[in-house]
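Order of writing sets the chain letters: A, B and C. Residues in each chain are counted from 1.
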Amino acid sequence: MTMPSILVACEHWLLQYRRTWRGTLTSSILAPLLYLATLGLGLGASFDLQVQAHTQRVDYVVFVAPGLLAGWALQTAAEVSAYPVATAMRMDRTYHGMASSPVGYRGAYAGHLAFIALRVAINCAIFLAVLGALGIVTSWWAVVALFVAVLTGMSCAAPILAFSAAITRDASLTTLTRLVVTPLFLFSGIFYPVSVFPTVLQWLISVTPLWNGAELCRQLMTGHADLRPALLHLLVLGCYLLLGTVAAERMFKRRLTL
Amino acid sequence: MKSAILTDVSAVVERNFLVARKTWSVLLSGMIEPVLFLLSIGLGLGSLLGPVEVGGETVPYLVYFAPALIATSAMNGALYDSTVNFFWKLRYRRLYKQLLSAPMNIKGIVAGEIVWAQLRGVVYAVVMLVIIGVCGGLRSPWAALAVPAALVVGFAFAAIGVAIATVMRNWQDLDPVRFGTLVLFLASGTFFPTSAYPPAVGHLVELSPLYASNELVRAFCVGRVGAAQLLQVAYLVALTVGALWIAVRRFGRLHAD
Amino acid sequence: MTQALSWGQPASVVHARGLTKSYGGPAAVDGVDLEIWAGESVGILGPNGAGKTSLMRMLSCVSLPSAGSLRIFGLDAAKQSRDIRRRLGIVHQEDILDSELTVAENIYIYGRYFGMPRAVIRENSAELLEFAKLSDRADSRVETLSGGMKRRLSIARALVSKPEVLLLDEPTTGLDPQARHVLWDRLAMLKTRGVTLILTTHFMDEAEQLCDRILLMDRGSLRDEGAPQELVTRYASKDVVEIRASGAADVSALAELVGKIGNRMEQLPNRLLLHVDDGDLALRAVIDLGVDPRACLVRRGSLEDVFLRLSGRSLLG
């Protein structure tokens, strides 16, 4: 696998995106802002809610915003690495074309992952810019949070991509959304501190990629990041990315070369 | 030809049932989403939130929020079936070309699709009601009426969905529909009262069909039923009739060539 | 049942006068007069774009005539379409089957669309599967069937309601030769049972095999009609000598050379057709004139020749 082959595969998705990006504006740009406006601002104001974020109590919207940043990294990753991957594997057979060209099966998945990283980065950067413009985020550490958000997105995208490449029925993707993506989004401490849950559940949540990503983003964006816990969060995210990539490698090899 | 319509409706329902028998797990897992929201937002976030006033009575957040999930899942189920499934059959699978080759009529087919969606909606509503009851979100025996209320909601959104499906040109046209649904879900008094909005925005939100739906189901679940509910039912029925009128006209045009 | 009441004259199944369909542009079907009798097997023959499918859609009562009158079973197609469709079996050009259901379920639910009682459908179903040679595939998903099987299922399904008339739009287009013969065999069986068959095709062999009467259609109107052999004798000769050429210039040179042989000559872009009474005799004359025998072919006159004569265009062209 060489750098150019990843770029070529990535370019394929970029070309397609150039035709369809308008249609994704609602789901990728407006939807997180809608969550922010209603759940963050609306609900926060309605109940005059303040929440504990580490050492300080903050307005609810300040708590929710970093969570939504990481949460939308997951949603974007899921959007780009589920149906498009399954379609390219089984319907359009785009990957087969790539695999039989010099791009190879490795270039096929690595290029798609690169494209996903780009999509996550764009969506999260815009969301972050709006947060800055609204004055919800003031710390410059937020720039680092953007990188954490992209890493969070990728740590979710790699396993989802491997799964979507492996399935044989589209209904499995519906199951993935309902049993994995939505539960992650709702229970990973995006909307409230996980301390409301029983201890066992808290442990379980603390190994999910989204909780680690959301926690680290929140620490960075409220300006309270400590090195040691930060490294631990990064380590968890890195593990998911690594395992997901290994799974994707095996799945693409099996379906495209054997 | 009343009996003709009944034949058409029962044939469409039977056809959908034959298909659903094979994909029941997908149907079943459709109920998971509202349950997740109930647990995460209703119980989880709810534990941090103060009480809410409903019809003059102060209730815990869970009691306020849970009924909206019945209305929302009635909306989502009806819209999904009538836009995604209906559009798929209309344009791509040409299922209706088969039905129209048989002695079936457009009105009967549209009615059959909507009745099917509603049968599913009733099952969803009953299951949600039981789960909410188990979580302690119900206050009064009036709550049983939340099921027919969900039916009224379902009919309204099914009719709206079918009307939308007949004007859709391609799958990309579904994106604004999905986003519109999300806007309704998040903004229409589902998670918090409209009093949080500036008055102008608040009044606008109160025109949303989901707002009327949420308030209707909520009134029954909390047990504070009044004249406002008649108005909400009338509003939803009017929407149903209007949307159906559009749907039948458009559908006829699509298939008459 | 309106048919078979009087001995001398069979009942009219289709009665059309000035039947017209236009989609905005030039009329797809342009003022067609048509009479089809019960028990007949009628083929509508014409090239792509002749208006066959539009005509069939009107006969199926799924599309309304733009002008003219159409009565089927003596009922008005514009007003009593539901009552007419109850008595029709329709097989679409593309197999529009219910891909989410199995073979047997497709037949079953189609019967339900006709409002038939469940028990009656189940009773008929085994026989229909047998007829379509699909008994061992009853529980297969439709997607797994071959093209020929799908087409047979389409026909079996259309027969579930025991229709008096079966409408088939290009029943064997896209099928391999073997599958076509199986299908022709099945349709011939229906014909002997007294089902009225109305089919469109652009294959003359199919029309000759299946039809008592051929309607030649081109550019929206009927050009002529008759029994296959009748049409051949009327418009073509008994035999045809075909001479292959390498181009238009070559064809004109050949025409110059052999022009006096036979009753009539047809110049095509890369072929020359000589309509003759005795093929072998004519062939010898052609070879005597110095034409390479390997470029020559003698065959019987066919509907293709009839069509070429009438419209100046090839059926498959």
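The criterion applied here is as follows: a contact is a pair of C-beta atoms (placed from the backbone, for glycine too) under 8 Å apart; a residue touches a chain by one contact, two chains touch by 3 or more.
All values reported here derive from a predicted model rather than from experimental measurement.
The chain with its C-alpha centre at the largest distance from the centre of subunit A is C. A simple rule picks the central chain: find each chain's mean C-alpha point, then take the one closest to the mean of all protein C-alpha atoms, which gives B. Of all chain pairs, the one linked by the most C-beta contacts is A-B.
Averaged Cα coordinates give subunit A a centre that lies 30 Å from the centre of subunit B.
Centres computed as Cα averages put subunit A at a distance of 58 Å from subunit C. Centroids of subunit B and subunit C (each the mean of its C-alpha atoms) stand 48 Å apart. Put simply, subunit C touches subunit B in their complex at residues 23, 60, 62-64, 82-83, 85-86, 88, 90, 92, 96-101, 105, 109-110, 112-115, 158, 161.
Residues 1, 4, 7, 10-11, 14-15, 18-19, 22, 93-95, 97-105, 255-257 of subunit B are the ones that touch subunit C when the two sit in their complex. By the touch criterion stated above, subunit B contacts subunit A in their complex at residues 23, 25-26, 29-30, 32-33, 36-37, 39-41, 44-45, 47-50, 172, 175-176, 178-179, 182-183, 186-187, 191-193, 195-197. Contacts from subunit A toward subunit B in the complex involve residues 20, 23-24, 26-27, 30-31, 34-35, 38-39, 42-43, 45-47, 49, 51, 171, 174-175, 178-179, 182-183, 186-187, 191-192, 196-197.
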